[in-house]
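One chain, chain A, appears in both complexes that follow, with chain B as partner in the first and chain C in the second.
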Partner chain A sequence: MDGSLALEIPQIFPEIALSVFGIAILLLDTFLPKSKRHAATGIALAAIALTAVFTLGLVGEDGTFFSGMIVVDGFSIFLRITFLVVGALTVLASSSYATRENLAVGEFQALVLFAIVGMNLMAASNELIMIFLGLETLSIASYILLGIKRSDAKSNEAALKYFLLGSFSSAFMLYGIALAYGATRTTNLEAIGREIAAGSAGMTLIYVAVGLLFVGFGFKVAVVPFHVWTPDVYEGAPTPISAFMSVGPKAAGFAVLVRVLMVAFPAAYAKWLGLVWLSAVLTMFVGNCVALVQSNIKRMLAYSSIAHAGYILVAVATRNQEGVAALLFYTLTYALMNIGAFTIVSLVSRQGDRKTYLDDYAGLGFKQPGLAAALSIFLLSLAGIPLTAGFAGKFFIFRAALESKFVWLAIIGVLNSAISVYYYLRVIVVMYMKEAPDDWSPVAMSSSAIAVIALSVLGILQFGIFPDMLISLARSSVIGYR
Partner chain B sequence: MEIAVFLFLSGIAIVAAANILVQRHPIYSALSLIVTFVALAGIYIQMHAEFIAVMQIVVYTGAIMVLFIFVIMLLNAGAEQKVPDKVHVVKYFGLPLASLLIFEAGLTASRTFDGEGIPVESASINLSGNTEMIGRALYTQYALPFEVTSVLLLVAIVGAIVMAKKEL
Partner chain C sequence: MIPLGFYLVVSAILFSIGAYGFLIKRNIITLFMCIELMLNAVNLSFVAFARYYALLDGQVFVFFVMAVAAAEAAVGLGIIVALFRNRQTLNVDETNLMKW
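Then we have the complex of A and B:
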C-alpha cells in the first residue's frame, strides 16, 4: 500500500503537468510587465502539448489506480485527448479575444488548464467522490471564466446564473451519491455494480439515486428539462468560453454519465433507459424547435448545442459498445465544429461582443469570403450534411440505435436533424443573399483565430470524408471498457 | 431514547433550515444556519462520528459563520427588499413538484429502511475516537481525492481574487 502509491503517479502525469503549468502561469503573470503577459498563451499551449505526450504514453494501460479511485483505459485516454484538443483550441481562440476585450490573459489561460484537469479527472474517475471533485474543479473554473468580463453586465449575469443553478444541481448529485452509498456502503463504481448484482442493496434507494445523479449530470450536459440556463449563459459568456462550455463540460458530463450508468447501475438499466429515452426525445425537439426562432446567433448555437446533447443521449440509450464508440466520435467532432463556429462568431461580434445578431452577418459572403466559407462548413457540419464530420457522427449514432432496436429514437433523431437544417442554412442565406450594410466595418482577423478555424475545418473534412480512422480508434478505445 | 434524540435534533435542523429561507434579514438567516449546523453536529455524535461533529462546530460554526456574520455587518446589509414576483409559473409548478419530490423521497425512505439502518463497523468506533481512522484513510485510500481537493481550493482562491480585485 505504501510504496505502490508512488509507483502509480505516472498514471496522473497529465493532470499533474496541467496543474503545475497552471500554477506557473499564475506566478509568472504576477512578475511579468503588462506588455509581456500574453506569454501565458504560449505556456498554456506548451503545457497542453506536454500533457498530450504524457497522455499518449498511457496508451495500452488498463486498470484502476490509487485504491480504485481512477481508471486508466482506452475510454478515458480517448476522452483526455478530446479535452486537450478542446483546451488547445480554446486557448488559441481566446488569446486574441482576451487582448481585444482587455481581459486578464494569465488568469484566463490558467483557469482553462484547471478546467481541463477537472474534465480529465471526471473521465478517469472510478469513484463517486472523485467524480464530484473533478466536476467541482471544472465547475468553479467555468464560473470564473464566465464572469471574467467583470465590467460587462451580461457576463456577470451568465456567471451568477450558472453558479446558482450549478450549485443547486451539485446538491442533487451529492444527494444521489449519498443514497447510492447508503444502499451499497461503497462509492466505488465497480463495487456498487457488484453489490447490486449480488442483490444486497435496496433497489428503491438505488432508483432514487440514479434519478438524482441523472439530474446532476443532465444539468452539466444541458439536456431537457435541465437546459434552461444554457441560452442565457452562452449568450452572456465571453464567446470563446461559450465555445468551451458547449463542448468541454458536455463531453465530460456524458463521459461520467456513461461510466456511472454502465459500470455502477447496469442492473437498473430497465429503469434508467426510460429516463434517458424520454429526455433524449424532449431534448432533440425542444433544442431544434426553439432554435428555429432565435435571432441572436449565440442563442441559436446554444439551442443547437441542446439539440446535439439529445443526439448524444441517443448513443447513451443504446448502451452497447457501438453506441459508446459513436459517442466518443461525436463529442470530438462536435467540439471541432462548435469551437470553429463560435470562434467566427467571436470575430464577427467585434469589440464588446455587440454584433451577435443574424443581420450582422448580411453580406459577409462578399466582404470576407474565406470567413463566410469556413462558417458555412461549420454550420453544414452541425446540420449533418454528408462529407462533413457532423454527418458521420450522426450516422454512427443512429446506426447504433438501429442495431439496438431503438427504431423510434433513430427516426426522431433523423427528423430532428432535418428540422435543424433550416436554422443553420438561414445563416448561410443571410451571408450570401443579403447586401452588406453601408456602415460595414471589416472583421479583424488574428493569426491564432485563423489557426483555430483552419484546424477545425481540416478536422471536419478529414473526419467527414475519411471517418474510418477515427471511428475504429474510438471502437478500439471502447473494447477495453469494463 | 435514541430515536427521540434523533427526532428532536433533526426537527431543530429542519425548522432552522426553513427559517433561513423565511427570514428577510441576512443576520437572522446566518444565525439560523448556525442552529442548523449545531443540530447536525448532534446527529453526527449520535452516529459515532465524533471527529466530524467537532470539526462541524470548529470549522463551520466557529470559523466560517463568524466570518459570514462579520461580512454581513461590515456591508451593513439591511432587510431584503420585497420584489414583486414576476414568474408565476414557478409558484404553480415548482411548489407542487417540490412537494411531490419530498413526498416520494419520504415514501422511499420509509419503505426501504426497516429501522435498523446500516450497521457501523465497530472497529472504526473504538479506534481512538476514530480520528486516527480518518487520518489513515485520508492519506492511503483517499490520498488522490485529498490532493485533488487542494487543486479545487486553489481554483476557488484564484476565482475570488479574479472576481474581487480592482485591477489585475
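Then we have the complex of A and C:
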C-alpha cells in the first residue's frame, strides 16, 4: 500500500497518543506539587480511553504501512485492545498500591503507558527491526517498573534478575535476526517468507535462526526451559507489576511468536513444530507440578502463569485460524482473571507486601466474604471450571488442537488442567475452612481496586457464560490471517 | 578481500565467549559486559552481511542495536546501583533472597 508517510500516521495514532501522554505525565510530575501528583492516574486512564477510540477507529483496516514496517489487521487491532484492557486494569490497580507503598505515582503510570506502546508495536510489527524495538521498549519500561521500590531488596533483586536474563535472551533473539537476515537478505517478515518459499535461502541458517528466535521469545513468555526467572521476578516485583508482567508481555510475546512463525517461517513448520510441541508439554507439566508445592501465593501464581503459557503454546502449535482465534480469546480472558487474582493478593499482602503466604488467607472467607468470593471466582476460572472464561478458553484451545490432529497435546493439556485444580482449590479451602488468626487485621480496600476486581469478575462471567460473542470477534479478527 | 565466512566465524566465537562468560562469571558488572560482548558479536554479523550483500538495512540495524544497548545500560546500571546500596554486594550468588 503506497502513499505519503503523512497519510499513514493515523495507523499509529494509538502509540503516538500513549507516548505523548506518558511524557506529559512525567513533565507534570515535575511541576505539580506533591499533593496533586496522584492526578497521573486519571491522565493515564484518559490516555488509554483516547487510545482505545483511535484503535477502534482502525477496525476494518488491513494492510502494511511505513514501507512494510507496521501491519494493521484484525489480529493486531484485537491485541492492541487487549493491551489497553491490561493497561487500564494495571493503572487502576497500581494507583492505590503506589499510594500505600509510597511510590512515585507519576513515574509508575507513565512507565505503564510506555510499556503498552512497546506491546502495541510488537503486535503490529511486520519487521524484525520493529519487533526488536517494540520488545525493548516494553522490556526497558518493565525493568524500571520491577525495581521501582528502590529501597526494597526483593524488588531490586527481581529487577536485576529480569534485566540480566532479559538482555541475555535479547542477545539470542538478535543473533537469530542477524542469521535470518543473512539467509534471506531482508528483515521483513513477508519477504522472508517469500524468499524461503522461493528456495533462495540457506535452510541451515534458517533453522538456526528459528531456534535462536524461539529462545528469545521463549524467555519473554516464560516457557520451559526458559522459565527460571519467572517465580523470583513475580515474587519480588510490586504486586500490580507481577500481574502486568504475567499477562502483558506474555500476550505480546505470543503475538510476535505466532506472527514470526506463521508469516516468516511457515516453510520450516516441520522443524519448529517439534520445538513448540516439546516446549508446550514441558511447560504445562513443570508449571503445574511445581505450583503444587508452593506456599507463597505469588510464587504459586507465577508457576500457574508458566502452566498457562503452556496451554497457549498448544494453540500456537495448531498453526490454523481456529488456534489463533483461541489464542486471542485466551490471552484476553487470562488477563482478566490473573490481574484480578493478583489485585486481591496485593490487597491481602498489606503494606510492604508482607503477607503473601497461603496461611495469611486463613479465615478470609468469614472476615471478608466479598473479597474471598471474588478470589474464588478468579482461581476457579484459572483452574478452568465450567461457566468461567477460563473453561471457555481452554475448551477452544483444546478443540483447535483436536481439529488439527494434536490428540496427545489435547490429552496432556486436559490432564494438566486436572492437576492444576488441586493447588487452586487449596487456596479456597484455606480461605473457607481455616480459622482466622487472632491478630487478624482487616484488609484495606480502595475504590480503584474494587473497580478492577468487579470489572474482572464481570468479564470472566460474561465471557464464561456467553463466550460466543468474544470468540466470534476473535475469529473474524483472524480471517485472512496468513 | 576477506571472505564473509571469516567474519561470521569471528562473530560466532565472540558470541559464544559472551554466552559462556555470562554463565560462569559471578560479578554482575562482568555479566553485563558479557551481554555487551554478545550484542557486539551480533553487530559484527549484521555489518558483515550488509557489506557482503551491498545492502544498507543491516548497517541501520546496528545503529538501533547500539541505541537500545545504551538505553539498557542506563537502566541496568541504575538497577545495579540500587541493589548495591541495599546489599553491599555485586556477587550474583549472594543476591538470593528468593529461591524455590
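Note that the second predicted complex is superposed on the first by the 479 of 482 C-alpha atoms of A that agree within 3 Å, B and C clash if a C-alpha of one lies under 4 Å from a C-alpha of the other, contacts with A are read in each partner's own complex, and residues count from 1 in each chain.
By our rule, a contact is a pair of C-beta atoms (placed from the backbone, for glycine too) under 8 Å apart; a residue touches a chain by one contact, two chains touch by 3 or more.
Quantities reported herein were computed from a predicted structural model and do not represent experimental measurements.
S.K.: Looking at the overlay, does A:Asp232 come into contact with chain B only (first), chain C only (second), both, or neither?
M.R.: In the superposition, A:Asp232 touches chain C alone.
S.K.: Go through the superposed model and pick first if A:Phe168 touches only chain B, second if only chain C, both, or neither.
M.R.: second
S.K.: Using the superposition on chain A described above, determine whether A:Ile12 touches chain B (first), chain C (second), both, or neither.
M.R.: Only chain B is touched by A:Ile12; chain C is not.
S.K.: Just chain B (first), just chain C (second), both, or neither: which does A:Leu160 touch?
M.R.: The answer is second: A:Leu160 touches chain C but not chain B.
S.K.: Is A:Leu336 in contact with chain B, with chain C, with both, or with neither (first, second, both, neither)?
M.R.: Neither partner.
S.K.: Given the touch rule stated above, what does A:Gly147 touch, chain B (first), chain C (second), both, or neither?
M.R.: So A:Gly147 meets both chain B and chain C here.
S.K.: Considering only the touch criterion stated at the top, classify A:Arg185 as touching first (chain B), second (chain C), both, or neither.
M.R.: In the superposition, A:Arg185 contacts both chain B and chain C.
S.K.: After superposition on the shared chain, which partner residues are touched by A:Glu136: those of chain B (first), chain C (second), both, or neither?
M.R.: A:Glu136 contacts both chain B and chain C.
S.K.: Need the overlap of the two footprints on chain A, from chain B and from chain C, as residue ranges.
M.R.: The overlap between the chain B and chain C interfaces on chain A comprises residues 129, 133, 136, 140, 143-144, 147, 150, 182, 185.
S.K.: Which of the residues in chain A end up touching chain B in this complex?
M.R.: 1-2, 5, 12, 19, 23, 26, 66-67, 69-70, 104, 107, 110-111, 114, 117, 121, 127, 129-130, 133-134, 136-137, 140-141, 143-144, 147-148, 150, 182-183, 185, 202, 204-205, 208
S.K.: Using the touch rule from the top, collect the residues of chain C that touch chain A in their complex.
M.R.: Spelled out, the residues of chain C in touch with chain A are 8, 11, 15, 18-19, 22, 28, 31-32, 35, 38-39, 41-42, 45-46, 49, 53, 55, 57-58, 60-61, 64-65, 68, 71-72, 75-76, 78-80, 82-83, 86-87, 92, 95, 97-100.
S.K.: Can you tell me which positions in chain A touch chain C when the two form their complex?
M.R.: My answer: residues 129, 132-133, 136, 139-140, 143-144, 147, 150-154, 156-161, 163-164, 167-168, 171, 174-175, 177-179, 181-182, 185-187, 231-232, 235-236, 290, 299.
S.K.: Please give the residue numbers of chain B that touch chain A in the complex, ascending.
M.R.: Residue positions touching the partner: 104-105, 108, 111-112, 118, 140-145, 148-149, 151-152, 154-156, 158-159, 162-163, 168.
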